[in-house]
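Each of the next two complexes has chain A plus one more chain, namely chain B in the first and chain C in the second.
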Partner chain A sequence: MDSATVQLSRQKQHKKEILCFVIGSVLLCALFLISLFIGKYPFTIEGLLSGNERQWLIFKMLRLSRSIVGVIGGFALGVAGYIFQTVFRNPLASPDIIGVASGASAGAAFGILFFSTSLMVTACAFGGAFLAVVFTLLLASIDRSGKNSTVVLAGIAVHALAQTILMCLKLIADPEKELASIEYWIMGSLNGINSNSIKFNILLIAISLVLLFVFHRKAVILASDEGEAKMLGLNVNATRLIVLLLSTVAVASVVSMAGLISFVGLVAPHIAKRLIKNNSIATMFMCGILGSILLESADIFARSAAQTELPVSVFTSIIGVPFLVFIILKGGLKHE
Partner chain B sequence: MSNNAMLSVKDLTSGYGDKVILNGISFEVRKNEVVGILGANGCGKTTLINSLCRIISSKGEVLVDGTDVSTWSNRVFAQNCSLVPQKSGIGIDISVLDVVLMGFNPFLSLMARPTKEMVTKAEKQLKVFALEDRMYDNFQNLSEGQKQIVIICRSLVTDTKVLLMDEPESSLDFAIRYSMLDTVSKQIKETDKCALISLHDVNLALRYCDKLLLVKDDSISSVIDVTAEDRITIEQKLKTIYGDIKLLSVPDSENKESLIMVKA
Partner chain C sequence: MKKFLALILVSAMLFAVGCNSVTGTSETSEITQEPTTETSSSETTAEITPIDNKVTSYPVTITDQAGREVVIEEEPKNLVSGYYITSSLFIALGIEDRMVGIESSPEKRPIYALSRPELLELPQVGSQKKFDFEACVALEPDLVVLPKKLSDVAEQLEALGIDAILVNPENEEGLIETINIISVATNSQKEADKLLTFIDGVKSTLKQSLSDVDPVSLYLGGNSSFLSTAASGMYQSDMIALAGGKNVGDEINDTYWVDVSYEQILAWNPQYIILASNAEYTVEDILNDKSLQLCDAVKNGKVYKLPSDAEAWDSPIPSCILGSLWIASVLYPDSISEEDCNKIIEEYYETFYGFSYSSIKQAEAA
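Then we have the complex of A and B:
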């Protein structure tokens, strides 16, 4: 293959990447607009333009916030999934590998039982997720070799501990009210999100995402052996700690607003890597866009598929599982 | 320490847990010198390279260009020394060019991206090993030998003073291992670098190394100056490691005498 052919195939790949971004962005914008107009309380563009106060209130307080969380939350889950899969060199790695989701669930259950206000539930879920990850990383730091497998093992231990705490909290919860709230929270939903409760979380997500993009090059080097990464000038333990904590903050901020949302962090990076076939910063951005598309479309279905609102995870799984099966089948055929 | 010693190791002791693998090793590698480490399996060749790279902890003093490395951060250390591991652990889809560009990481700040000049250097380095047509390919789709060559490119692309290689020939075929070491040794001679290479292939070591450290029983049993010592002396020293062997002197394509080791 001569250099002209190599350059030509590079340009072809570059064009394909741009096309993916354009299609992804257009699709996301369309979903965002559709999501603004779907819900229990119908409203129209005419109503908004005529200055109908009730419609404006619903639009500003509920719909806009919900759609924004769909986009930003999905983006954060996609990017965090990419980071976890890269750092742990494991295509099945997700934020829960270090106890984020189970910590958030235990925290949310604690909030529902002892505080009951939605703001406190959000704060407790965030605190639970963060505590679980800090505890995982502290446990892992006992082994000074700093191996990835130690972090995973510590994550399994913390996950089990958080699940036990969650079970105990469920046992003391009132089956009629609190237990149902805990279960519903665990199923995940963007219902109940309003403009007052999301500002802080959105800010945290934005800051962590910006920093994760800054750390992208370092995160990719973490996908080598520890010794190799060290000899590429990386402070392996510190960099891994920073990158995992930033991803945790992003995921915890989403989970504390919307409950557990399955599959987005797992599936979005796989689709992005299929499309871009690399681990460049563009792939990471594509993971974010695909995460947003997945969550926004799942939320639209959750609001419109039945008379009552359904948990969003039902639809992220319905969209995610076939994709995952397709990827496994295609990957398997390729390796044969 | 002699004046032009680029890498100086004094009284290095290392091992795993309570088990001592290397005990009080001392040696020097000078500027433009290629030094090979030879020894039987499990003698501590990789332990030596890993100790120098600070991947495993050790006692003793390591100086690079006269400076004690113990106070250096990983970044400063990587600006001065580069490593070619036995096998790269990169476990994600990434382009060949991006793998080579990783070599510049110690020279880049957190926000910085590789410059155009760095990209050109990386492309040139891949061209040296005839891998320029694979530079946008997925690293994972390369053969093990090609992957190893890419990792060697990553180590050679920067201006680190010391190149440490741990059995770089292990996954390369006969022709490629010779051309690889030929290129590496030429680059070491042309620049102000030095190389310490652990090798299994004695014939390769005899052809491309200036000095050979023979590791046996947790220490350096003897040192061979390939350029100065005669065939019989070298043969006697190699016998202490490999047992019943014979060194033959054969002319190469440039009519220079070349030593090859055969089982007696």
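Then we have the complex of A and C:
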């Protein structure tokens, strides 16, 4: 292959990638707009345009907040998923590999049992997730060689511990009241979100996402051989700590608002990596867009498919699985 | 070719997912529809055992609420109740002194301590979720009364020669049937008659007093979360209808608690909000909930919580009619005054449970 054809195919690839971005962004905007007009409260365009105060207040407080959380939450989950898969060089890695999800579940269960106000449940879930990750990284730091596998092992230990705590909390929970709340929390839902309760979480997500994009190159170097990373002058342990903690803050902020949302963080990076190759920052951004698309469309179904509210994770999987299968088959099942 | 294969696989996958979700929903509806299928067995019970003669002559054949036929050879001396509803019923029927075992965690229900504290000392036989078979058999009971969900336990007990009756008081009809079945089995039909007459009396009082009121809309906040409410097929919906209210959750066809959104509640815009007896959250939580500030009930301060001082009236227990009465007195104080309501509640607990309800309220206030 001469250099001209390589150049040509690169250009072709580049065009394709730009097209993916455009399609993804347009789709996301469309979904966001659609989601603003799907739900249980009968908003009318005339009512909103004519400045009906009641409609506007409800629209801003509930509908808009929920749609924004769908977009930003999905983005954060997608990006965090990419970071974890990259840093651990493991296509199955997700924030739970270092105990985020199980820590958050145990924290939420604790909040439901002992405080029961939604604000405290959110705070406890966040605290649980963060504690679990800090504990994992502390455990891993005992091993001075700083291998990735040590972090994964420590994560497994903390995950098991958090699951045990969760089980004990479930055991003492009242089966008709608290246990049901815990189970519903674990299934995840954007129901109950309002503009007052999300400001702090959204701010945390935004800060950690910006920093993750700033640090993205270092995360990619982490993905290479550890010896190589050290040769490139990277403090492996410190960088990994920062990148993982930032992703944890992002994921914990989403999870503490909306409960566990499965599959977004796992599937978005796989699809993004197949659409956009050899460009870490673009791939990372695409992960975010795909995560947003997935979560926003899943939430549209969760709030409108039945007369009642359904758990959002049901739909993230239903939408995500066929999409992933399609992408894999289209790629011809070839190994990356 | 590859594209074609991809298409087939994706559609197969979608189909499988679709099937799963379809079977998923049909399963839940099967479970939740149980109460309606039960009504047929109740008619047969009435035919087999006429309860006019007021005294049970043993042996007696009983068809329980799972449709099983149970032959009771002689009046059962040792009773076990594995269900809080029947334990409370045993007290109302005056047969609690024959109890040798009770369901788990009776201390969580204040009615026992108020009425018969000695029941708290009885050996516990577990709950619907986890029945302690050995503990139950060790008590050598003559008759064990269990919720319908424990039908396999009933089979095992029967194999050991211990009579077991399954009850399913999921709604008012089911409760009345439960009262009839238990009273025939334990020879306490006179007391059951008294109880049923009382319930009927309150019911007709409600009907008369509320004949000309305009139904007000009401949202019932569930036990586990304010964003769960009673759908049309639930006992709680009947309770509200009997109190002359209109349950906004009736729009949803289901037979259990369903999850709704703030948006949905604001779209319904109920005039009243009533919280379930065992709700974990308080009236203040709801009044201070920023998402609900535009709801009429919150704006006008019409948020109340069903009392839980003696029993949770929003479950199908013998005293459940008091739940309707209490709600009616909240919704229509001009038709049913608080005073009248308290008088009836007082009479109920004096007559059937032997304690004064007003005195515990006073003790609480003090």
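Everything below uses one rule, namely that the second predicted complex is superposed on the first by the 322 of 336 C-alpha atoms of A that agree within 3 Å, B and C clash if a C-alpha of one lies under 4 Å from a C-alpha of the other, contacts with A are read in each partner's own complex, and residues count from 1 in each chain.
Following the convention adopted for this analysis, contacts are C-beta pairs under 8 Å (C-beta built on N, C-alpha and C of every residue); 3 or more make two chains touch, one makes a residue touch a chain.
It should be emphasised that the depicted structure is a prediction, and the values quoted were computed from it without experimental measurement.
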item	value
Partner chain in contact with A:Ser141 - chain B first, chain C second, else both or neither	neither
Touching partner for A:Gln163 - first (chain B), second (chain C), both, neither	neither
Which of chain B and chain C A:Leu329 touches, first, second, both or neither	second
Chain B versus chain C as contact partner of A:Ser116, first or second or both or neither	second
Contacts of A:Thr150 with chain B and chain C, given as first, second, both or neither	neither
Which superposed partner A:Ser280 touches (first chain B, second chain C, both, neither)	first
Which superposed partner A:Pro175 touches (first chain B, second chain C, both, neither)	second
Partner chain in contact with A:Asn237 - chain B first, chain C second, else both or neither	neither
Shared chain A surface residues [contacts with chain B and with chain C]	none
Chain A contact footprint on chain C (complex, rising order)	2-3, 5-6, 9-10, 13-14, 17, 21, 127, 129, 223-225, 227, 231, 251-254, 257-264, 266-267, 278, 280-281, 285, 290-291, 294
Touching residues (chain side chain B, partner chain A) in the complex	50, 53-55, 73-75, 77-79, 81-83, 85, 88-95, 98, 102-103, 105-106, 108, 110-111, 113, 132-133, 135-136, 138
Residues of chain A that touch chain C when the two form their complex	39-42, 54, 57-58, 61-63, 116-117, 174-178, 180-181, 184, 189, 191-192, 194, 196, 303, 307-310, 314, 318, 321-322, 325-326, 329-330, 332
Complex contact set, residues of chain A against chain B	1-3, 5-6, 9-10, 13, 85-86, 89, 214-215, 217-218, 220-221, 223-228, 230-236, 273, 277-280
